[in-house]
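Several structures are given next for inspection.
What follows is a pair of complexes built around chain A, which joins chain B in one and chain C in the other.
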Partner chain A sequence: MDILQILSNTGSSLIAPATIGYALAALGLAMHFGFTGLLNMGMAAFMAIGAYGYAISILTFGFPWWGGMLVGVGGSLIFALILGIPTLRLRGDYLAIVTIAAAEVVRLLFLTTTFDKYTGSADGLSGYHASFRAFNPIPDGTYGFGPWVYNANGWWVRIFGIVILALAALILWTVMRSPWGRVIKGIREDEDAVRALGKNVFSYKLQSLMLGGVFGAMGGIIYALPASVNPGVYVTSLTFFVYTALLLGGAATIFGPIIGSVIFWGVQTLLSNLLPALVNIGVLPFMTTTQSQTVRFILVGVALMLLVIYRPQGILGNKKELTFVK
Partner chain B sequence: MSNKDTPAAPVQRAKTTGLHKGDIAPGVAKVDPIIIADGVRRTFGGLTAVDVDHIEIPRNAITALIGPNGAGKTTLFNLLTGFDKPDEGKWTFNGHALAGMGAHKVARLGQVRTFQLTKALGLLTVLENMKLGAKDQIGENIFRGMIPKLWRKQEAEIEARAEVLLKKFKLDAKSSDFAASLSGGQRKLLEMARALMSEPALVMLDEPMAGVNPALTESLLDHILDLKEEGMTVLFVEHDMHMVRHIADWVIVMAEGKVVAEGPPDQVMKNQAVIDAYLGSHQDVDLGIVTGRIEGELNTAAITMAAEVEELDSKIAKRKEPRK
Partner chain C sequence: MNTAEYRRTRRRNRRGVLVALIVALSAAFSLMAMPAMADEVNVDQYDNSIIGNVKLESVPLEGVRLTISGGGYEVDVVTDADGQWKVGVPDGDEFSVTLDENTLPEGIAVIDEVGDDDTPNVKEAMIGPSGSTVMNFFIGRGERNVTSFFDQFVERIVNGLNFGLMLGLAAIGISLVYGTTGLSNFAHAEMVTFGAVMALIVSVDLGWPIWLAIPIAVLLSAGFGWSLDAGLWKPLRKKGVGVVQLMIVSIGLSLALRYTFQYFRGGGTEQLPGSDSPDIPLFGSVSLSQTNMISMVISIVVICIFAWWLVRTKIGKATRAVSDNPSLAAASGIDVDQVVRVVWILAAAMAGLAGVLWAYFRPGIRWDMGAQILLLVFAAVTLGGLGTAFGALVGSIIVGILVETSSLFIPSDLKYVGALVVLIVILLFRPQGILGRSERIG
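Then we have the complex of A and B:
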């Protein structure tokens, strides 16, 4: 068992583009669920729209990388409008059902062979890196220390992702401490009371859905930035994983979703390396290495349940501010 | 708040009179109405919850809306405030036609309401609850909200105003606590104070006294009377007839969705239609039998009434004691 390799992989996962992508999506869910109380179960769709919007506009329409990102973000704004206008009048549970269905519709649209020319259907999309990499200010070479050794492109993606993540967290922090954020939190508590005070609740909920959706789309883009867009990623369980990261850190916090994503990926990577290694040296004789990969998802589920039952406010949340235990 | 220190009961403040024009009848015209509603009808399936031909709410007075359970009082409240849409009908507030207008727009015109089941925003602090009530906040726009410079000054003004109100409602010690930690009565106070943050012209209170202890009831009564003194109009739904007698200048009685009577409280209480529809549950009871002066059998209505009378007696006794 190569413990060093396992620890190195785990350390590397802490700033992986996937982790940053999750953190952005979790920030979006913090906006939706933690602050506004919108039970959006379709975050995977926002991420898919971001990633596909980015890849398709570069591959099919020859956009530069920033143009592709704008298309991805714009797409998520339009999706938030289409999703929000009919559904935001619904209360909690119904919104969850509709968003989960909408997310499946989006995923299947990207998966269908009808649009194979643009979406690559089941194969997904890749080979859209040239424009983004051409913008890389870091000279060629390998940099870093310990587990964090990457080439220039690897660093460029990570630094870009972290800057976007920091920007998103800053935006969320500024809006949530403003009177706008006060209205948003009021809506989470009781939207009729807020309506009775003369606030346009529907408009605020739509704004929240759009802002969180943009974070989700950027998360999808960062997630797809180093490698490829794969339709198998944007399934419903992606939304649940992001929720796990969010609840782990604290739903109604700014840094909670980020820390939650880092821990989520750290533990995931550790388990996916450690469990097969343990099987191989005979510590876990009752399972195969393939089974051990499934076990880690079972552990995610168990962790989510324990979290909701015993620490619903997450790691950073205020004990009194249990946002989903009423 | 002038008579706060003296033990004077709220009863002793002068009632506003001369609110109506012509003979008193259901739907009578008012000298200066703030709300005029015509033909407002709301059905839930086969049930007609509200069917009001004409109703006028007098300005700068305290109007009570009473009636038996299921009379449509809260539904009428919901319709007037835009929380529910009627099948037909139109109504104006301060001259603005409100039919079809969303609840938040109605509130912005200066017609603010509270709820029968108190809606304190539990996971906001008491102060945040209050600040949320203020109208026309610059920082409530998402883009301007991102630049604190634009809204800091207004925020400070709002906070100062909130603190004055909190002090008045004796909630100032709680201002940084979560509203969820308040007691039921304090939440009622908070909801009312929050409503006042929007500087309304009309305050609509849905059962402000429900579940509030007698001492707090008295201070709430005082607050409601203060509202009138400050030039606001109050419309409230209440089952506590003592409160209605004490503070209402005008009483509107609803039954089965219709306005069956209205008038000054002392007159309305004697109205046969009101006795039949609301106070009249005891009319079939022979008081002589209850008190034992006449021989006869007590029916169930009489037994329940006797229990109620006892309860009322003890309540009245309790309230009178501290005033001596």
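Then we have the complex of A and C:
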């Protein structure tokens, strides 16, 4: 068993594009769920629209990379409008069911063979990297130390992702301490009270859905940036995993979603390397290596249950700012 | 007028009546009904496959639609520019491959080579030990053989009714639990899978007969529901955990259970005995397999018994009272905890039965089979009105028929989309559902 290799992989996963993508999506959910109290269970769709918008506009329409990102983000804004207008008047659990259904519709539309020419159906999309890599300011070569050794393209994706993540966190921090943010938190605590103050609650919720949706779309783009767009990623479990990361860090915080995502991926990578290694040296004789890869997903579910029951405010959260008010 | 001509005229007339309907519906789906470009369907999902090549005098024909069905599995495929197609199919069944002659060029048909086959465009395929088989049609100029739209429509409605009744078994449980505890239980999907997996363990692993395995699976499911309530949901209710929190707990439970099934059964598809029973023709071109008929009868009987229980018995009345207003019910001397316990046991038992029937309908048992229909169940429950048992049943039948018939108009891999879109649209115009009351929407 190569402990150094396992630790190195785990360390590397802490700043992997997937981790940054999760962190962005979790920030979006913090906006939706943590601050506004909207139980959006369709985050996977925002991520899918970001990723597919980016890939399709580059591959099919020949857009440059920044054009592709604008399309992805624009698509998520439109989706937020379409999703929000009928659903934001609904109560929490209804909203959850409808958003999860909408996310499934989006996924099936990307997966169907009908639009194979554009979406690649079950194969997904790949080979859209040229434009983004052409903009890479880092000269060719391999950089880094310890577990974080990547080539120029690897660093370009990570640095770009971290900058976007920092920007998103800054935006969220700024808006949440503005008067707009206070209204948003007021909606979470008592919608009727805010309505009585003459605020248009529906409009505020819609704005929140759109802002969080943009974070989600950027998360989807960063997730897909280094490799490919795979329709198997954007299943409902993705939303649940992002929720786990969010609740782990703290739903109504700025840094909670980021820390939660880093821990989520760190633990996932550690387990996915460590458990098969333990099986191979005979420490866990009752399972096979395939089974050991399933264990970590069982643990995600158990962790989600325990978190919600015993520490709903997460690691960084404040118990007074509990989102589970009703 | 000879018989062949007569038959064709009759079909044309019948088709004429439905043309308006087709035009209207296909206009609605025109966005989705673009020509499919793919030639490989479900190849990633299954190890076995059927492949073929559609050519006319060695010129490949593009855009010819074939339907592959067998043992309840059905999939459409369209040939690519080289006239080739390939579909992945589940294990160990015989499949019939139907070439849709409407998609062939004008004046071209499948030729009957033997001379005594009424339907040369339908062929039977057996998967050999290699896991793959080739299926080609002899194509030339000749008379077509098409199943009329009406017959297809009726067949889909019958299938949809079967699917809807099965959904209903799952939906009633989810609706009862919601009505009595306020919980939208995402782990209900895993209670469905649980029933199927238990039936598999008893019938295949232990080798007991299936007629004994199914009641045992249902009993085990009931016990599972009881232990979930006693071990998890009751303590959480006593702790005063909010409904949104409970819902997220149920999501966590759903993930944990789903991957536990995968842990023990692996990622593949397994079949219950009798899943390959032969089709029995009923009327027209409508045929149902023996298991599907039995499954429909079981659904109807169970739902009738349940309805009697809910309306007539004391505990059924108490259940409705708790659904209506838990505090008032408690104040009038109803033991709410006991009612909730009974509801969990019943919901789990019916979900387990639904799982067995779903295993025959799909066909096959997979670790995530329950999750595949969870959203349809939610759609059915919302359509009928959350918290109402009979609303859930009505919603399920509508959703089942909608899903099955919609694949006549839209690609079959989008057939769930229609039901989910209906769910969203219903919430726009009548959020309380068909039989629900408006106070529940908040």
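Everything that follows uses one rule, which is that the second predicted complex is superposed on the first by the 324 of 326 C-alpha atoms of A that agree within 3 Å, B and C clash if a C-alpha of one lies under 4 Å from a C-alpha of the other, contacts with A are read in each partner's own complex, and residues count from 1 in each chain.
Going forward, contacts are C-beta pairs under 8 Å (C-beta built on N, C-alpha and C of every residue); 3 or more make two chains touch, one makes a residue touch a chain.
Quick caveat, the model's predicted, so the values are computed rather than measured.
Touched residues of chain A were counted for both chain B and chain C, and C has more of them. Of the two partner chains, chain C is the only one touched by A:V295; chain B is not.
In the superposition on chain A, contact of A:A303 is made with chain C only, not with chain B.
Applying the stated contact rule after C-alpha superposition, one finds that A:F255 touches neither chain B nor chain C.
Of the two partner chains, chain C is the only one touched by A:T113; chain B is not. In the superposed model, A:W148 makes contact with neither chain B nor chain C. Once both structures are placed on chain A, no chain A residue is touched by chain B and, in the other complex, by chain C. Chain B meets chain A in the complex at residues 81, 83, 102-105, 107-108, 112-115, 119-124, 128-129, 131-133, 135, 137-142, 145-146, 148, 151, 155, 178, 180, 191, 194-195, 197-198.
Interface residues of chain A facing chain B in the complex, by the touch rule stated above, are 171, 174-175, 177-183, 185-186, 188-190, 192-201, 207, 211, 320-321, 323.
By the touch criterion stated above, chain C contacts chain A in their complex at residues 32-34, 36-38, 41, 44, 78, 184, 236, 239, 241-245, 247-249, 251-260, 262-263, 266, 371, 375, 378-379, 382, 386, 411, 413-414, 416-417, 420-421, 423-425, 427-428, 431, 441-442.
Chain A makes touch with chain C in their complex at residues 39, 86-87, 89-94, 96-98, 100-102, 104-105, 108-109, 111-117, 121-122, 236-237, 240, 243-244, 247, 287, 290-291, 294-295, 297-298, 300-309, 312, 324-326.
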